[in-house]
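Okay, so here's the structure we're looking at.
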Amino acid sequence: MRQDGRKNDELRSIHIEPNFTIHPEGSVLITVGQTKVICNASIEDRVPPFMRGQGKGWITAEYAMLPRATEQRNIRESSKGKVSGRTMEIQRLIGRALRSVVDLSAIGEKTLWIDCDVIQADGGTRTASITGAFVAMILAFKKAIEKGSISKMPVKTFLAATSVGIDQKHGAILDLCYMEDSSAEVDMNLVMTGKGEFVEIQGTGEEATFSETQLAELLALGKKGINELIDYQKSIIGAFTLPDHREASK
Amino acid sequence: MRQDGRKNDELRSIHIEPNFTIHPEGSVLITVGQTKVICNASIEDRVPPFMRGQGKGWITAEYAMLPRATEQRNIRESSKGKVSGRTMEIQRLIGRALRSVVDLSAIGEKTLWIDCDVIQADGGTRTASITGAFVAMILAFKKAIEKGSISKMPVKTFLAATSVGIDQKHGAILDLCYMEDSSAEVDMNLVMTGKGEFVEIQGTGEEATFSETQLAELLALGKKGINELIDYQKSIIGAFTLPDHREASK
Amino acid sequence: MRQDGRKNDELRSIHIEPNFTIHPEGSVLITVGQTKVICNASIEDRVPPFMRGQGKGWITAEYAMLPRATEQRNIRESSKGKVSGRTMEIQRLIGRALRSVVDLSAIGEKTLWIDCDVIQADGGTRTASITGAFVAMILAFKKAIEKGSISKMPVKTFLAATSVGIDQKHGAILDLCYMEDSSAEVDMNLVMTGKGEFVEIQGTGEEATFSETQLAELLALGKKGINELIDYQKSIIGAFTLPDHREASK
Amino acid sequence: MRQDGRKNDELRSIHIEPNFTIHPEGSVLITVGQTKVICNASIEDRVPPFMRGQGKGWITAEYAMLPRATEQRNIRESSKGKVSGRTMEIQRLIGRALRSVVDLSAIGEKTLWIDCDVIQADGGTRTASITGAFVAMILAFKKAIEKGSISKMPVKTFLAATSVGIDQKHGAILDLCYMEDSSAEVDMNLVMTGKGEFVEIQGTGEEATFSETQLAELLALGKKGINELIDYQKSIIGAFTLPDHREASK
Amino acid sequence: MRQDGRKNDELRSIHIEPNFTIHPEGSVLITVGQTKVICNASIEDRVPPFMRGQGKGWITAEYAMLPRATEQRNIRESSKGKVSGRTMEIQRLIGRALRSVVDLSAIGEKTLWIDCDVIQADGGTRTASITGAFVAMILAFKKAIEKGSISKMPVKTFLAATSVGIDQKHGAILDLCYMEDSSAEVDMNLVMTGKGEFVEIQGTGEEATFSETQLAELLALGKKGINELIDYQKSIIGAFTLPDHREASK
Amino acid sequence: MRQDGRKNDELRSIHIEPNFTIHPEGSVLITVGQTKVICNASIEDRVPPFMRGQGKGWITAEYAMLPRATEQRNIRESSKGKVSGRTMEIQRLIGRALRSVVDLSAIGEKTLWIDCDVIQADGGTRTASITGAFVAMILAFKKAIEKGSISKMPVKTFLAATSVGIDQKHGAILDLCYMEDSSAEVDMNLVMTGKGEFVEIQGTGEEATFSETQLAELLALGKKGINELIDYQKSIIGAFTLPDHREASK
């Protein structure tokens, strides 16, 4: 049994609170175990320069942590005057992941900004960000449809993310908390769709390597976890999805 | 009557949730009307270079807003690579205000970091930050006393802050929301103690001026509001204060 | 008696040299005791983006110190690559103060840039900057009227600033020099108009607080000093003001 | 057949020139098709602060492109004053990959700096960087052994990287050039060892997703390519490896 | 005899490899002794803001070193987030030197970007950059003439650069390598044309001075060296120059 | 005759006001025609890291312009967050020039900081800075000798600087004002000693070249001007120089 009593293939408890703050078009607070992330979606009526004139939209993400989201206080990136490599990597990942399930040509020349702000961290902040940002995005598009600024839901399928890893004591485990993540030899983030397809696989051995057999085990665990996360997302935003967006997941 | 139905001398509803996140030594979520700020207090076992060797502690603050705390999304200061003048002014104010009621020589060479992160803004974010940060600070010192790293509560009196202003339609009003703040001719932030003394008065006419009579009216309103805020703080942290810290306020 | 022989309610000697440098539309060197600030006013034929299309002008200020304006050499902000919080606070204050006495709609879409460069510092650099910048501004508007680029003096009243403070030895004192400022428990900057109204009150207890009685004493001292400063300004720029700008001060 | 006449499972021509420049401890020019990267390895006699006192070494990498390595000139990151997210992601990847095959405790408190500078780019610059950096690292360690500053080769196995992808016209293809990379729906970078184990899998659908079957196909292609790259590396640095480093690859 | 066996008035061996990389309009690798610089010339169809609307072109240069171009590894300027004074001085020099021999009105509103990237340094990197950049520029203009985007070669004469210096042991010497440069008392960079005229003289005594006699000696040495460099340039790009560009050098 | 009535070989009027501000160890205001520069010299009791442990001192300079030193207002370098190439070039030049006449081993591990702040610019600001900084430096060393922190004047000879240039209308001219500098084809800055030796020659053809004959003419003019400047410096600081520092100039 793992340190928090979970089985190897067990997710942490998950909770998504929709409409967490009042200003954003879409806003949720996602809680995965002790990890808490505010995911806000904003719609802006223009696209970045490299996208202009193509009649298509764009989705981009920013990610940050409160200084005291962690056990030790971190220096604010605004105080340091630059964004770390880790932050950039995560925000690029979130943006790419969301773009993979959206028909960008269906939203016109608009930008969807996703802001993921971690207020409490206990591992898996990037995957919680994606899982929560997907819901914030649906809320924002729903509001845009109501206001008539886009005509129909441009999202092709559900999307969620989790982590898997290999640990000397437990072998392959699902949804690592911070302590597990720190001691894991292999760490993998998986982003998958409601149709069971992959969007991102980022597997890394930190001062370690892994075999094909281990890879297969990790992918199976991740798929199980993501299916459960998507079921939970559906319970939250079911009422918001449009009738013609029936999922054929699993 | 004001746009949200309040009387001129009426505060917005206030709520402070102690122990809002798990990692900081002191953490609260303060809600003043629609304004919500996470105030975290961290204790670090060293002081900045200019304070070393004096045997005294230091208190410093950082302030930020989530990009979508406001009606329009703001660019992150970490993305811009620099902190705005407004942000610097506010964090200097919060630090100064807290230092005025703490016996810095009673905490040894430690730094108390205050992080105020606005997750939803509707005016008065700097004063809400001070009112909330005071409570977070008490929680942090209480924990330090329990752990034995400081010997007694180093705080001399309660501290809270609010805004007052002058509006063409209503005259002098207490605790301005964002719409009121935008149209006010005179805007004043007041920080006062549980003993009824001033810590900060920052009164400003933006393209306007104000008379001595108007000043007196503003100070009276502010004093009334701050007394109410301190009563509320006591209802929250009463149990945390040490017996020998009886307030002689009002 | 104070360390430099002044009475508690006595200003330091003041001198303003108009037309100090040749290029700016308005230029003065203001000397207050040992504090010397070059105040230059420049008129630019456009406004910042947030003001465009409103048919109104804007006034903005920048403040800096020569590295060796002080007893110890300071690192240049251009070398550090960023402007300190103190500098930003001061330049925001100077801009706001000047805007409060100018009819911005009378100057069209122009920006008045105020540059305050401290060449020798001995306390009160921000208040000397405001007092001097007001004169530089009048000179610049006078020149613009002569050239016909604005039609009449857009300034509504005189404006000056000074500091007051509370000191353990002397009580309330006027116009603090650097040594007095360093040891004062309460420090207040006041900006007032030729009509006796307030523009800015910035009172601060650094690790101290102050009572309503003390506040009243400080305000009275400040008002006395500012009236004297405005009398001096009038002796310098009397000839420059337009006949219809009669002051009803005091 | 692919645009440059290759079969789907065919690598581009590869060439590694050892000792390309004279100053670095290890230096190679790696050419993969039209992609050319200078990989330099430097040994520094200290570790970064977070590693101090552990008796272990560290490996870190920096990556850059000459402005005209590409068809269109890019602005230098030094001129922009900041490093892009893409650059940071790549340099973090190169460092992690090399660390996975080195026994860091065998080199003492030293840092191996890897500099990968792309002088001509045609896709696959990050994988070419890893493949070349591995050789530069071996050369640097060999020199350190000769000088006696480390006692034996601390490298556990060979390491190389390539890309695989899915293209609407050809399906799964190996070692994508720039044109192929731009039009691929799925892009995956693989880093593997001489023992056939994975170090990194980074698979991404850009506005697309991929199935488990497609994943298996990509992994098989990548494995084939990496085996060939490692055979080539051995032909270059065979003489440099120590006798007790017999590979059990494939 | 000098440390590398040269006579006082002897250049190091020089080699220029044209068309070194494939993307730039003009590209060379110049080797002067152990110094190696990639010089790339790019033509952009617009000019910087300060040149717009004048119907003339512009030439600008950027210069950088690979971190391990030198004996000790240097920190990348992109990592430091700013460009050093030395780098700026060199890139300003290269741009000015090239502009002095080009008829900017003959190229229309285009910018010629010169990128000089030092891959191996042994003294004289700025003069090698100029000598190489001249050739890269000719190649780029030749290609523009072929494509018809400019009508004729806008270059008025040849251009090359070298260093001269005074050394306690040898007196005046030509083309200093790094060791000689470090110990020289006087260091001078000379840029001259194919017509024997000066473009730049930058002579500096570092903690030393020099007389008129010494100056004359240095200028004579430099002139000799530059004539030889221009003869070499002609051997490389002779075929590229247009018939009406006959040099009257020496 | 030149636009301001001067002959070709005539300097502008020069004036140096010693002890211009009170805090620096040495302070002058130098006026050359309409150019005015405050030159302050500060002595710090340590050297930069690269000089530590050698028992020698260091001299370094910083240069800046007030925003409105010029006809058009310039953006502050502190606001831009970086120092321009021009500024860096000038401050490197000033530092090098002063170091050439000082026996750095005679001052111990101290740094002399020179701050040159241009308050009014009309051409020749860098040469006026050097001429003025030399006097500020002498004042600072004189004070250090009085205080006993250095034992004797470490300066070996006088030092001054001026500009010369070639103009289509007048030919070779001395000490260019801004209008002359803008239209000159060749511009040269000369720094020379009281012994008639060169310290710096920086001659530049901007889109032009110059012959050996023209160079000789420029050097002769510059030498004449610098001799006059040094005579003036002696009239100002004669009393400050130590008896054993007899000049053998001209």
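Labels for the chains are A, B, C, D, E and F, by order of writing; each one numbers its residues from 1.
Definition applied: a residue touches a chain if its C-beta (ideal position, glycine included) is under 8 Å from a C-beta of that chain, and two chains touch if they have at least 3 such contacts.
Protein identities per chain, from UniProt: A, B, C, D, E, F = Ribonuclease PH.
Note that the structure is a prediction, hence the values are computed from the model and not measured.
Shared contact partners of subunit B and subunit E are absent. Listing every chain that touches subunit A and subunit C alike gives B. In this assembly, the C-alpha centroid of subunit C lies 52 Å from the C-alpha centroid of subunit E.
Taking the mean of the C-alpha atoms as each chain's centre, subunit D and subunit E sit 34 Å apart. Here the spacing of subunit A and subunit D, counted between their Cα centres, is 28 Å.
Contact of a single residue of subunit C with at least two other chains is seen at positions 81-83. A single ring links the chains, and its order as traced from subunit C towards subunit F is C, F, E, D, A, B.
Per the touch definition, subunit A reaches subunit D in the complex via residues 82-86, 88-89, 91-92, 96, 99-101, 104, 188, 193, 195-212, 215, 219. Residue ranges of subunit C in contact with subunit F, taken from their complex: 21-24, 27, 34, 36, 38, 40, 42, 44, 62, 64, 66-71, 73, 76-83, 87, 113, 115, 117, 119-121.
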